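Across the two complexes that follow, chain A remains constant while its partner is chain B and subsequently chain C.
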Partner chain A sequence: MGATVSTIVTATATMGAVGAFFAIALVALAKRTASAEDEQIELLTNLLPGNNCGACGMAGCAALAQALAKGEAVPQSCPVASESQIQKLAEALGLTETVHRERRVARVRCGGHRAISQWRADYEGVLDCRAADLVGKGGKGCVFGCLGLGTCSRVCPYGAITMSPTGLPVVNEALCTGCGLCEAACPRGVIAVMDASQEVFVRCVSTAPGKQVRSVCEVGCIGCGICVRVCPENAVEMLGHLACVDPNRCTACGICVEKCPTDAMQIILEDAGVLTAV
Partner chain B sequence: MRLTRWWSRKGAKIAHAKETSNLAFEPLAPPALLYFPVQQHQGAPAVPVVKKGDEVRVGQLLARADGPVSANVHSSVSGKVKRIEPVLHPWGIWSTTIVVENDGENRMAELPPGVKDPTELSPEEIQRRVEEAGIVGMGGAMFPAAVKLKPKARVDTVIVNGAECEPVLTCDHRTMLERTDALLYGMKALRHALGAERVVLAIEENKPDAIRLYRELSKVYGYFEVYSLPARYPYGAERVLVPEVTGRALSPGKYPDSVGVVVHNVATVAAIADTLREGLPLIRRPLTVAGGAVKRPANMVVPVGTPIAHVLEAVGLKERPRELVMGGPMMGITVASDEVPVIKGTSGILARTEAELHHFRESACLRCGRCVDTCPVGLMPTQLARLSARGRFDEADRLGVTECIECGLCSYRCPADLPLTQLIRMGKREVLKKARVKRGA
Partner chain C sequence: MTELLLLFVGSALVNNFLLTRFLGICPFLGVTRELKAGVSMGIAVTSVMVASVLVLWPLYNLALAPLGLGFLQNMLFILVIAALVQFLEMVIKRAFPSLYTAFGIYLPLITTNCAILGLALLMVGNEYTFLQSLVFAVGSGAGVTLAMGMMAAIREELEFADVPQSLQGPGIALITAGIMALSFMGFAGLGS
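Moving on, here comes the complex of A and B:
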């Protein structure tokens, strides 16, 4: 019994002493070798959002902080940080220019869910839009629209994208930081990151003529140009067969949304979220 | 020598299934409507030079090449341009397509005069004529052939690829047997155009009749030699073929011209001969029609632009196919509709039944290494697929994912039934996309 107690005491004391020695030694070494740069990197890391999402193209916030300290990046390199966070980073780096940043969010520019779009073929294989897109552009009739395999929702580090039961991604704008990873991952360019203040956009990316759009989808932009004609602010223009809203001119009056014959034009309503037929 | 060859052999033995190899080519009459996509090659799409309502003739230029890597598109029938609009393309895209209504009269356009002997033409003239004729690699890659006729470095060896390592397909085999004079003429033309010292016709051992025939001919003519390849897949792939025939290793990311070699498919060589000898542009292509749903498998010479539904009608269908493939079973592309036209690179049409399909039933990777053993370009498919599936494309890039030739052997050999090739292909594209974005930025 006595032997056991003394064993415990000896072991604890020895390990404690070794631990204390190394702790003191490490702290002393750290203090001696500490540089101003290290401190700055730590400060910058703390000022960054800290999500480690990798949207800046680096391994994480610490990596971006290092790049910032070396002058290889600018505060705006972080696509997620808010205006005030960027301002603080700029101050910490001694930059004087003021930075403006709007809050940006991802928006889904396709409304062709399974019930209202045609499918040419059954796709079978790796359940990833990027893989399906390489097999004859996937089975969807529209070669521009959302394939619905949810790659965007899986790459989102913020859990902001979920797939609706009808196979379209739904962005929870409260969680979305506008990092752009989903935009980069989508093989169809269906997801676009835009200013959160932009209220009206076209929920279609098909550049095909109207006849073809009609043949595969009920809600695609057919390029009729009604929106261009009815817009009192001249904020809509046609890029080939696709309408495009200029956010700087749009006042979100909603006339184009009302007149759009296929409901491709969308308006974000503050209380109801996206007005869609999903 | 034999032992070292055995030791260094690449790829794998797979079923050949070349049941159509004894069937002679039959010409297919063009249908009433033909579709000519302006994208029938690698590179920039061609630009239409005709408009709606124009009368066109056989061999007339429909769309002109745009830029250094592009190819002309010609009409394979005479008739009227009905419309020009985006139409579904075999690749799944909607490509601008010139739709021609066939008047059935087969009136020929004015073609450049042919020459009896290709050495009468200067190398530049041959290159120009091949470029004008819109000839692309007919093995399936559809790389403009004229670009290969002005190599950046000196070329001393031309390999004429008659391997046809894809199972099922036999159109290259038939081309070698039936178009002997065209091949001889084409090889002579290539030798002259490139100033090459060697022209090597590489044929797989499973085509002994072709090997015998050309061995005899090479004794008579002497300007080419025959190389017998192991009957293994994928010996027809450039990266396997060039080291095998010349003993020169291809560095990663380099094309054969970096080691003084140019590779042309036999069908391409025959098309080059047709152009120089008769002035004909590339408007017809030999292909194999097969698959379980086909009543009467055949080798055919099909006018470019014919919808595959018309081809399938000609051979008859036993049942509605579950899957349509353009090309061979290993590397062919699945097409999502029978409305898509035969294009210059279509080497086969397979109409497959449910029984012929392979449904992947993924299970856990056993780490057996079969995919690594079998990869003809020395990659680690299991690792690459794993990284791609997890979106770790940078790491896949470091392990050489862009070197993958997408031959499909890793998936074929995998006992855990993992879709390795598809995952690697996805990773490859993501890496290339990133590189493009970087270059653009």
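Moving on, here comes the complex of A and C:
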């Protein structure tokens, strides 16, 4: 018994001594070799949002900070940082130009929830839109629209996307940072990151002819062109069978939204803040 | 002297860590895309090997064995190797920043490189003297550097070869490694 206890004590002491020795030595060396450059990188890392979402294309905030310090990136490379954060980064880097960047948010360009869209097959398998899309473009009648399996909501590092009970993503614009990870993950291109100031957009991505859209969805863009004709600013144009809003011309008067026969044209109401799911 | 020379040749060629013992394969495939990075990685592994022998041999033979704490060897070896790799990382980051970027994740991964731990455990298992352990470490490191360099040189040439699409990348690299391992079997029987 005594032998066991003493073995435990010596073993612990040995491990502890060796561990402590290396810990102290490593810290001492790290302190000695720390340079001004390292300090700047650390400072920049702290100024970045710190979510390590990778939306800038780097491995994480520390990698972007390194690129910033080397001058290989600009503060705006971080698509997530707020304007004040970018301002601070620019100050830390000694950049004098005022940086202005529009706030961007993700918008869902499909309104075909389960109750109003046709389904041609049941998909059984991994519950991920990317997997479902690989199998004959998924079970939805519309091969362009949202599959509703919530891949976007799972890749969002900010918890800004939730799935509505009817199976459409809902973006909480207060939480959305416009990082674009959902846009990249969506196999259908349904989610797009737009300037937050763009108030009118087409809530459909189907490029199919109107008759085909009608047969699978009640709220898709049928390419009738009414919006193009009623717009007083000529801000809407047709790309094939799909209407497209030019945000630079749109004044958000709302006429196209009112006249759209399928409600595909959408306007964001400023007081609502959150896009309401149908 | 002859014995040490045999040990050197034996650890470098006959029992090559990468191609005969199959230890430490991940940097072998990971950083052998260009010759400079491959050879540098070999040298980095060699220096960690020599450094760990310098620390681990006295630690085991003067502390662990007399205290009857042989069972601690794996844990303690991993601890020491991890610390040594940290040292090496700091030195390389300071002295050769471009090399530091080229190594990427494979530099901290030397920590878990089984070639280093394998070397330490073989040193204990074979009951080598301090001098023998040093020669063993240098020989093994030379073997690793040689294999890494050869692999990198072949892969550089392969960049220009017309490799079938299904074999491009890791596929052809693994086949190359297999053929190299096969050819190293030719050293079997040389020396010990």
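In this text, the second predicted complex is superposed on the first by the 241 of 278 C-alpha atoms of A that agree within 3 Å, B and C clash if a C-alpha of one lies under 4 Å from a C-alpha of the other, contacts with A are read in each partner's own complex, and residues count from 1 in each chain.
As a convention for this text, a contact is a pair of C-beta atoms (placed from the backbone, for glycine too) under 8 Å apart; a residue touches a chain by one contact, two chains touch by 3 or more.
These figures come from a predicted structure and were not determined experimentally.
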item	value
Chain B versus chain C as contact partner of A:19, first or second or both or neither	second
Touched partner set for A:209, first chain B, second chain C, both or neither	first
Contacts of A:131 with chain B and chain C, given as first, second, both or neither	first
Partner chain(s) touched by A:120 [first = chain B, second = chain C, both, neither]	first
Between chain B and chain C, more extensive residue contact with chain A	B
Which superposed partner A:9 touches (first chain B, second chain C, both, neither)	neither
Partner chain in contact with A:143 - chain B first, chain C second, else both or neither	first
Touching partner for A:33 - first (chain B), second (chain C), both, neither	second
Overlapping contact positions on chain A, where the chain C interface meets the chain B interface	none
Residues of chain A touching chain C in the complex	7, 10-11, 14-15, 18-19, 22, 25-26, 29-30, 33, 35
Interface residues, chain B side, partner chain A - complex	85-86, 88, 90-94, 333-337, 359-360, 389, 391, 419, 422-423, 425-426, 429-430
Interface residues, chain C side, partner chain A - complex	59, 63-64, 67-69, 71-72, 75-76, 79-80, 83, 86-87, 90, 93-94
Interface residues, chain A side, partner chain B - complex	120-121, 124-126, 128, 130-131, 134-139, 143, 154-155, 185, 208-209, 212
